[in-house]
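Look for chain A in each of the two complexes below; its partner is chain B in the first and chain C in the second.
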Partner chain A sequence: MTKDLRNHVLVLVVLLVLWQAVYLFVGDLALRSPLDTARAAFGLVRSEGFGAHLRETATAFATALAIAIVLGVAIGFALGMNRLAGEVGEPLLVSFYSLPKITVYPIVLLIFGIGMPSKVAFGAIHGIMPIAIFTLGALRNVPPVLIRTARVLRLGAWQSAWSVLFPAARPEIFTGLRLGFSLTLIGTLLGEMFASQRGLGFLLMQAIGLHDTDLIMALTSLIVLFAVLASMMLLACDRALRHGS
Partner chain B sequence: MNMAARIAEAHVGLTGVTRVFGSDPQTQVKALGPIELELRKGEFFAVVGPSGCGKSTLFDIVAGLSPATSGKVTFEGRPLTGSAVPDGIGVVFQEDASFPWLTVADNVAFGIRRAGLSEAEVSRRVTATLALMGLADFAKAYPAQLSGGMRQRVCIARTLVQRPRLILLDEPFGALDQQTRLIMGEELLKLWRETGATILLITHALDEAAMLADRIGVMSARPGRILDIVETPWGIERDSRVVSDPRFGDITGRLWSRLREESMAALATAGQ
Partner chain C sequence: MRHAAILRLAIIAAIVALLELLSRSGVISRFVAPPPSEIAVDLVRLLTSDRVQAAIAQTLSKITIACGAAIVVGTALGVLIHRSRALAQTLSPYFGAYYAVPIYAFYPLMIAIFGIGEAPQIVIGFMLAIVAVIVNTINALDRIPRVLRKTVAIYGMGSIEASWNVYLPYAGPYLATGIKLAVAYSFIGVIGAEFIMSRIGIGHEIVFAYNNFDNEVMYPLILFVLLVAGTINGLFSAWEKRLLGRRSRS
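Here is the complex of A and B:
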């Protein structure tokens, strides 16, 4: 726990120092200093209208993540519980996972139009595959002796899936969720950048169009801050699930 | 307790039991049998045999984990079909089967909690079993914090807490070092005396079989049959010191003379 915290702080410090160094090198033309960025970020957070954009992105991301988790875990379980389905399904999952999702974006737009459903879909598409792949792998890696033990302890099929298979696979599934979390966030923001009139992604796109370096830096730093804090929390949960092993 | 009284009744019976894997006559494997065997109530029976002869297959059939291809298996007079493990049978595997997401106490409580015992009864039994297995100080620890021997103890405790009348162990100490094996063997003897359960122990270690068992079944190379049953003269209060008894060498010698040819046969056919 404390070691994780120390590592995170260390990474943060190194990044800040690098940032400052690059800034000193390239100057105000392309970059802002960490301090200026922090100031701009504060201003942004307090500005009128920011709350609405933030809420929009938060709603889209939360919805996309929920869909990605439910569908990803369900697909993983469906394939993991059935040998044949797994053998057929896994190559499909992996090839879809490695496909740059941006290539299906036009199709998503055609189906969902511009706005919330489209962003949610784009976010979820990014998250489902890694979650499904990790869930499938996690179920495969459960030692057969644990399943035999469930039978010996006279558990039914559902009981054994719920109280042995699932907890045995849980740490690895959670690792998939961590990955799915970051990818869903990226997907949602990308969705907002290209097909939305609201949200942080839209603001970012607008700032890029206007060459508003202050705004770009402020937004980016806020998003990175959120991602880092969330990943710290998830990592701590991950560790807790592994019970010192 | 009187030995003769303890072992009078039949507890498990196998007649003409075979097991064939696969349905295609070209590729199917005759793994076992035919086996004729009777385990007496309360006895400690060990099975030794060359590797791949069908010991684990026999084990699964007696546990009710998988069906025999032909023949009849009974436990306490009722037939075993291989579809479910009946009440009264407890099983310990060679591999570490402790649940890493549960504490030692919760691991041990797992089976009886699901069987619907009251929480008070569960905690009473768990406490007693942990004490019996020398795990009392580790109740709140997780398996990852324990050594291999301790984890196997957790698995044995999880089985014992159900108060099985027949305990099956498939090479339970196979993954442990020699000293730990001897100690665990002694503890198994103690448990056997205290619980009065019938024990079927599968092992590849002849000295372990000779030290622990009342009777030792020697199996042939695959498909495994019972070639010989060797009785040991140790009293019920035996422990690991029997290894220095002169008769100990006679017993392991006799086991080995029966096994030598079978082991060579098993090695010769291993690649096929």
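Here is the complex of A and C:
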């Protein structure tokens, strides 16, 4: 544990040094030093109006994540509990997962209009596929003996899904959720960047348009910080799930 | 297997037919989306005219450069990082968080460093693609069983010979996964960057058409991107599957 901590501190130090070095190389035009960025980030968090943008993004992200988890797990179970459905559906899921979804964003906008529903839809679109694919894979890896036991006990589809398959597949489903979390976050932010009047993504796009480097650096570093911390926490949960049970 | 493929095609055909029906009957208004058949016809017309050819050539060559560089550099970095277990373990949560970061936020920085032009878009595509390659290279090397390493030691193979004859054939399918993702991410990166700011390229054309409500250009171009990305992805998936199949036979 202490060794882990030391390694993370080292990574942090190396990143800061690299950042400072790039700053010295590029200059003030499009980059700020780590210290200035921290100052700008503090200023941003304290500033009026930031709370409203943050709340907007948090709401959109939470809604999108909830939709992605529910639909993703549901699709995964629907395809994972039936052999033929899995064989038919998996390649479709995988190919949809790897398409550049940003190109279909204008279509999402035309359907949902500019505002909250578009962001939520775009975030959810990013998150559903990895969660569904991992759930499907997790169900496929459930030991056959458990499935046979469920059959012997004459459990219905719902019962066996809830009390046998889900607990057995939980660690791998969680790995999918971890990936889905990151992708839903980027999906929501991208949605805000390209068409929105509120939210962190909108602030970022506005800052890019105005060449407000302070704001760009502050926002980006806050988002990166949140993403890294959340990812570390989820990874720790992931490990606990795998080794704890 | 055959059965499943036929069923899959039938489902896709049914979805397209449904969209066609909904659009023709007016449930989906023409303002939102034209029927699929018209999109296909428009695409053919667009491709045979020379209106977007320069943009397509530009975008595809940017993607090729970004993707190729990401594969070469990413594989090299992956091999280096894998040498130290502690380093690989420490970096793994950062790699996990990497794809939650809006890389496009660094676009102004890229423009400041590389100038306006095509280089910043290539760098964005490269930055998105490279981490997928690194992660999958580490993953592939992790999966090489100890017995193979011992065999290599027993035969006294040099590291190049061992990599070529033993490690690469074993880790091939996992490396192929990384390459496949690199293609997808460089598409996303380059086209996304063109969305934000550029004067030429498919992404620019799509945004331009969107801003002008020009569905006759926007939808065919979106279809074109999806078709190209889908085809390349399908080819890589088939390759990946063949590599895996060959390994399980031997």
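The rule we apply is simple: the second predicted complex is superposed on the first by the 221 of 245 C-alpha atoms of A that agree within 3 Å, B and C clash if a C-alpha of one lies under 4 Å from a C-alpha of the other, contacts with A are read in each partner's own complex, and residues count from 1 in each chain.
We adopt the following convention: a contact is a pair of C-beta atoms (placed from the backbone, for glycine too) under 8 Å apart; a residue touches a chain by one contact, two chains touch by 3 or more.
Here the structure is a predicted model, which is why all the values come from computation and not from measurement.
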| item | value |
| --- | --- |
| Of chain B and chain C, the chain that contacts the larger number of chain A residues | C |
| Touching partner for A:Ile216 - first (chain B), second (chain C), both, neither | second |
| Partner chain in contact with A:Leu189 - chain B first, chain C second, else both or neither | second |
| Touched partner set for A:Val104, first chain B, second chain C, both or neither | second |
| Touching partner for A:Val142 - first (chain B), second (chain C), both, neither | neither |
| Contacts of A:Leu241 with chain B and chain C, given as first, second, both or neither | first |
| First (chain B), second (chain C), both or neither touched by A:Ala74 | neither |
| Touching partner for A:Val152 - first (chain B), second (chain C), both, neither | first |
| Shared chain A contacts, counted only where both chain B and chain C touch the same residue | none |
| In the complex, chain C residues that touch chain A | 1, 3-4, 7-8, 11-12, 31-33, 86-87, 89-94, 96-102, 104-109, 111-113, 180-181, 184, 187-188, 191-192, 195-196, 203, 206-207, 210, 218-219, 222, 225-226, 229-230, 233-234, 237 |
| Residues of chain A defined as touching chain B within the complex | 143, 145-146, 148-149, 151-155, 159, 163-164, 167-168, 170, 241-245 |
| Footprint of chain A on chain B - complex, ascending | 63, 65, 84-85, 87, 90-91, 93, 95-97, 99-102, 110-111, 114-115, 142-145, 155, 158 |
| Residues of chain A that touch chain C when the two form their complex | 3-4, 7-8, 10-11, 26, 29-31, 84, 87-89, 91-92, 94-95, 98-104, 106-107, 109-111, 178-179, 181-183, 185-186, 189-190, 193-194, 201, 204, 208, 211, 213, 216, 219-220, 223-224, 227-228, 230-232, 234-235 |
